[in-house]
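Here it is, the structure, as structure tokens.
As written, the chains take the letters A, B, C and D, and residue 1 is the first residue of each chain.
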């Protein structure tokens, strides 16, 4: 079910639990699915030199990012026997405790769904031009860098 | 945050997307979490000798199953640096497309959450005394066996 | 030896009951398994004693809660 | 060579702009990188040309869309 059209992965602000529930519910008609794996990235209240992160302000080179997301999706469909795959990433402000990344893989069997999900998360972290400003309580900030 | 009390893991009937959303929402106050991994088992409409599965009727040796779930939880807390862990499994009838297993791990970092989730799913499939009757459209059935 | 027996899934279906108390001529899990092997024909099963999986050479005790467990299907 | 430059994140912040068109004395990514290295000081960056990550020896062409990308932070 690889889809050739480049989709918009970005969501303004946090990804809500309701959006995740709706996405799960939409898959209940696909009765060839036996396993879903969902990865959620949540903004952490890290303490850096005595100051606590309040939010991350995400920006991206959106047009390129959506193309890279598309390439990552296509390569995952090639590597793994998946029924469905969905990726959403926040742009703009996401507060601590809120969700900024939602990766959703579905397959007949658990192994494929789990391996694909992990692959996608690593690829996204490494390859997509998304930038994050960690904003502290006193409105100072620092630029986040993925490990 | 290992919990010594044996919890009841069983839910009557399918696990709803709303339950999953609520569970995610409850973790938004835990701002030391950076990554969640969620595994969902969904009942597949397998075709076996020309007959299509309509539902799985789950039963369990419940008291022992809850103890085994507890042991699996404790061992996962020992092995992985987790903030939270939740497991729910259906009993009774779960129709195709509905969710019968919900495993939810949370950690500061993605690696721990993902490895723990995978560990839990494998342990659950191998060790918990849960039984499933695959019911076909003509009301005949066969007993499911985990691979 | 008096044992409280619990049957599950396909085994309960085949034996037409979920539990019974029996006085059985067995003292180990191996003996119990061979006692049931013929009743259960081709159904593979494991045995739990007092809600713990038991090994072949484990001893049984009077009034133990014994469960006959067909293959697991959780998830 | 006329290039359409796009700056992101920390780079946009440091240069006080998100885009500009410049005529730069560079023909390869390596030359472009050394041109910007001193402006951007310690910020590591990669370069995308027409929305594809570019290698050091890639050639630039007139009117290319060039993006300077600081370290990624998605997820």
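Convention: a residue touches a chain if its C-beta (ideal position, glycine included) is under 8 Å from a C-beta of that chain, and two chains touch if they have at least 3 such contacts.
Owing to the predicted nature of the structure, the values given are computational and were not obtained by experimental measurement.
Asks: If every step must land on a chain the current one touches, say how few steps get you from chain B to chain C.
Replies: 1
Asks: Which integer distance in Å separates the CA centroid of chain A from that of chain B?
Replies: 23
Asks: With chain centres taken as the means of their Cα atoms, state the distance from chain A to chain C in Å.
Replies: For chain A versus chain C, the centre distance works out to 48 Å.
Asks: In whole angstrom, what separates the CA-based centres of chain C and chain D?
Replies: Between these chains, centre-to-centre, one finds 71 Å.
Asks: If I count partner chains per residue in chain D, which residues reach a count of at least 2?
Replies: If we look for residues of chain D contacting two or more partner chains, we find 75.
Asks: Specify, in ascending order, the residues of chain B that touch 2 or more different other chains.
Replies: Within chain B, residues 41, 110, 121 contact more than one other chain.
Asks: Which pairs of chains touch each other?
Replies: In this structure, the chains touch in these pairs: A-B, A-D, B-C.
Asks: Which residues of chain B touch chain C once you look at their complex with the stated criterion?
Replies: Touching chain C: residues 41, 56, 58-61, 63-65, 67, 89, 100-101, 121, 124-133, 143-146 of chain B.
Asks: Would you tell me which residues of chain B are touching chain A in their complex?
Replies: 17-18, 20-22, 24-25, 27-45, 96-99, 106, 108, 110, 113-114, 117-118, 121
Asks: Can you name the residues of chain D that touch chain A in the complex?
Replies: Residues in contact with chain A: 6, 8-10, 48, 51-52, 67, 69-75.
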